[in-house]
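In this document, chain identifiers A, B, C and D correspond to the written order of the chains, with residue numbering beginning at 1 in each.
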Amino acid sequence: MSDYTPNEMMSVTAARALSGNDVCFVGIGLPSEAANLARLTHAPDLTLIYESGTLGTQPKVLPLSIGDGELCETALTTVPVPEMFRYWLQGGRVTVGFLGAAQLDCFGNINTTVIGDYDAPKVRLPGGGGAPEIAISCGEIFIVMRQSKRSLVERLDFVTSLGHGMGGNDRAERFGVTTKGPSRLITDLCVMEPDPETKAFTVTSLHPGVTREQVIENTGWEALFADEMPETPAPLAKELKALRALKKRTEKAHG
Amino acid sequence: MSDYTPNEMMSVTAARALSGNDVCFVGIGLPSEAANLARLTHAPDLTLIYESGTLGTQPKVLPLSIGDGELCETALTTVPVPEMFRYWLQGGRVTVGFLGAAQLDCFGNINTTVIGDYDAPKVRLPGGGGAPEIAISCGEIFIVMRQSKRSLVERLDFVTSLGHGMGGNDRAERFGVTTKGPSRLITDLCVMEPDPETKAFTVTSLHPGVTREQVIENTGWEALFADEMPETPAPLAKELKALRALKKRTEKAHG
Amino acid sequence: MAEFSTLEEAVAACVRDGDALAMEGFTHLIPHAAAHEVMRQGRTGLTLIRMTPDIIYDQMIGMGCASRVVFSWGGNPGVGSLHRLRDAIEQSWPNPIGVEEHSHAAMANAYDAGAAGLPCAVFRGYRGAELVRVNPNIKAVVCPFSGEELAAVPAINADVAVVHAQKASKKGDILFEGIVGVQKEAVLGAKRSIITVEEIVDDFADSGPNAVILPHWTIGHIVHVPGGAHPSYAHGYYDRDNAFYKEWDAIAKDRDGFRAWMEEHVMQGSAEDFARHRPKRTKRKRR
Amino acid sequence: MAEFSTLEEAVAACVRDGDALAMEGFTHLIPHAAAHEVMRQGRTGLTLIRMTPDIIYDQMIGMGCASRVVFSWGGNPGVGSLHRLRDAIEQSWPNPIGVEEHSHAAMANAYDAGAAGLPCAVFRGYRGAELVRVNPNIKAVVCPFSGEELAAVPAINADVAVVHAQKASKKGDILFEGIVGVQKEAVLGAKRSIITVEEIVDDFADSGPNAVILPHWTIGHIVHVPGGAHPSYAHGYYDRDNAFYKEWDAIAKDRDGFRAWMEEHVMQGSAEDFARHRPKRTKRKRR
């Protein structure tokens, strides 16, 4: 089965990173697509939380916003937003935070705030939203994003949310943050995981048909590769079917 | 109409202190009796709040506890207890806090904690409950209690909740508390109000048939009397009828 | 104490030039009709406080109402940029705009602190986040028991809170249902408030004992504006108009197109225009 | 993750000698059946945490389970003293007992902080109150914006939280209704938890979207104990037994009478005894 797009490969791979025991704090866009695909395929018991206050939600279509009515209507319960951030996120009840990024550095620090200078930005991006606290309060962080030299950068214009800081144990030592931090980066080309010592993202599997050169060309830092380099398992037919049906239902619903 | 008891005189007088515009944080016992009598007579729009989280409650019988089901069933809504103390009491939304006391001093400081030494008490009383924050967060405080030398004392064994401290502007100056504090004491003998300067409780009306000597004999501090000394208006027939019906319904309900 | 009035009266009575204004609703129940009226009354110099500026503040910023914006996520959800917000920050059009930027957790806690009558909110946040460098309203306190350093931000106490809710009772109590966001906190923390509602009912007898209700004595003005949250939504009444959120991207992209659209749809409009966005037959999905 | 079990199993698995135990329920939904089981299993050296010790802790203290009590109001509501609590504090019977005393506001905030994963709670309280002198767990922090000094107390994070609720779903989600107190906070803040419930249902389809619900993945043990809150009550199932609260005054007054009553009604009893306190026909007053 080779009839799938790089984006589909990315979503399916990201979905597989979640298990039925996870409680996942879901960002809108790619994370939401992957998390719901997981729920609709191998992880029906996966608990999804959106920052609008919806706990254990099971949307039939992907929400356009973080607070579509669909999320509330299919949730176990909906709590006020201060409670969401206090009891549920800060309370340490979320196993996986699923984030996207405009810019990412090799230590998993994320920028979604500005391109250029903060006070006179070239491009004003939406900003952090829930990310600064998602990044430190969830058990671990998965990042899903398309790969390019503009997005995987040597140096962020602005640190919106903490990854592994300057690498190594910087996260714990300088900032007193004891959660695991970014533990997986899933792109349209490969999967990366932090090196156990340096915490620099290291390619641990290449998607089918993708070469090391492609990864290097689309990484703004000096790409690192693990000693063993398996191929990321290709999407199964049932995964692609579920993903495409989900996207079709979604497009129809949002006009 | 002289056919009423001193306790009835006290409850009716305490009830009259409340108006329909008040939002009243109600303690169990005499305050609850007075507040509900007000609601059932001249102040049907009076808003009653009990610390169990019940907002705008309209019990048909007096609750035995602060959290009887009757309070919730007749409330506009019931909020969690942390919200009650944070948004509603600390938020400054309560106009009158209605408290009782085991011991009271002339500046309206209250003891409901211990008789004797805190670490080796002669009598261990129930403690403060909501009172320490009711005393500082409500717009003003009414105190209702039976009068005796043992209850109205020169010096408290323990300061459970703040009144006017050492008198004068001590409440604001030493403790930074800007609410009005105890503004009325209603007993079975008289009504007292703080002197505008010293803040010492001063008798401002005597209940019908009560003499100054009776008040002096039942006050542990040197009783003070205002220059003008009107008689507290006697209970009306309809007030006594409502009070007695309320107490009868209550006794029947609680077995 | 709650007062029933028209939207014109409520806005004229409550919203003054230079006010700090919190028009809340986390995706759900955004008070669009009220925002239109604020623009029609030509208010300027406002500090606009909102976790997600969304279309409602994109419009107000583009019409020159704002001199400052306090927010935590300024995009068009699932679509892209808020072009008017960006144009104001990047190009100072139609006027320069000050920015106070927070995280969602910080703003949610700050609203909570505002409702709770506290001067500041204390939470575990902002660790390693660069907003600490650019926002002087992010400070720290130390836990006197554990020694842990925690983040602190000032409480949000707006001059005026404006929110949309499903129901008002005839007495003026307000009921919220569904994604309830920070609306209760915004109203309780504000000096004045305007609540637009989908309907006015006798009482809330069919709601559960723990429904999210604001008593009438905590409310300023109540205005009956059916459909008044569109293109946001009112749970149980009508859905979010996701198609419009997508269209907004093109409408707001250039200055002239934006101003023309606003002139036609907002400046010449009225609160009654919103009724058409609400289906005649109320849907009553509970969950 | 939620596990359904018997009360004996749940208490044996969760409650250990010396634990800090929070058995909550603000007047409503007090987990009496679970407390009886703790006494039957003979646990000792417990730190008993509860805003209002009430009859439930009066019994446990009198039976020698406690070495310490953390509380904010220790009376029999509307009746008078808790004689066993007083006897322990005043006369060290049946054993000396340590006291950590707070105000309601402090404990409610401390439970909230425990649920929120914070080390301490910050609030405006205790001004001019003498508990500050006798309780070293009351400290202060200064607001970095206003300079106001606020009170701070440590968060409550019990080893075990035990609460009673109306419903569990078959999946193990828990629904609370009515006076919900600090139960949610006590459970979320605790390491382990036991929830006794009135009934087990398929789902909560008939509840509103904002009902007070704890998801199954936040829960330890769930035990079906109809009537398990008596003489407290379960909103919608049975009323508070106010007559028993009055009777308790005489039962608990002297040591021998108390012990005899406990032997007969608790030590020889079982969880099933509680079913008789619940009327066969469920009442479903909603408000």
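Following the convention adopted for this analysis, a residue touches a chain if its C-beta (ideal position, glycine included) is under 8 Å from a C-beta of that chain, and two chains touch if they have at least 3 such contacts.
Fair warning: this is a prediction, and the values are worked out from it, not measured in the lab.
Visitor: Check A-D against B-D and say which one is joined by more contacting C-beta pairs.
Guide: B-D
Visitor: Could you grab the centroid distance between chain A and chain D? Build each centroid from C-alpha atoms only and quote it in angstrom.
Guide: 40
Visitor: Taking the mean of the C-alpha atoms as each chain's centre, how many Å separate chain A from chain B?
Guide: Chain centres of chain A and chain B, defined by C-alpha means, are spaced 57 Å apart.
Visitor: Roughly how far is chain A from chain C, centre to centre by C-alpha average, rounded to an integer in Å?
Guide: Spacing between the chain centres: roughly 28 Å.
Visitor: Which chain A residues touch at least two other chains?
Guide: Residues 72-73, 75, 78, 86, 90, 137.
Visitor: Residue numbers in chain D touching 2 or more other chains?
Guide: Residues 112, 116-118, 123-124, 148, 178, 180, 184-185, 209-212, 235, 287 of chain D each touch two or more of the other chains.
Visitor: Once you've mapped the touching chain pairs, tell me: line, ring, star, complete or other?
Guide: other
Visitor: Of all possible chain pairs, which ones touch?
Guide: Pairs flagged as touching, ordered by label: A-C, A-D, B-C, B-D, C-D.
Visitor: Quick one: in the complex, what on chain D touches chain B?
Guide: Listed in rising order, the residues of chain D that touch chain B are 26-28, 51-52, 71-75, 77-79, 81-82, 85-86, 89-90, 101, 103-105, 108-109, 111-112, 123-131, 134, 148-149, 178-182, 184-185, 212, 233, 235, 239-240, 242-243, 245-246, 285, 287.
Visitor: Could you list, by residue number, the parts of chain A that touch chain D in their complex?
Guide: Those in contact with chain D are residues 21, 23, 47, 55-56, 72-73, 75-79, 86-87, 90-93, 137.
Visitor: Within the complex, which stretch of chain C touches chain B?
Guide: Its residues touching chain B are 1, 112, 115-118, 173, 184-185, 188, 204, 209-213, 215, 217-218.
Visitor: Can you check the complex and tell me which residues of chain A touch chain C?
Guide: Residues 28-29, 51-54, 63-69, 71-75, 78, 80-82, 84-86, 89-90, 109, 113, 118-119, 121-133, 135-137, 158-162, 165, 171, 174-177, 253-255 of chain A touch chain C in their complex.
Visitor: Provide the residue numbers of chain C that touch chain D in the complex, in ascending order.
Guide: 116-120, 122-124, 137, 139-146, 148, 150, 152, 154, 177-178, 180, 205-212, 235, 286-287
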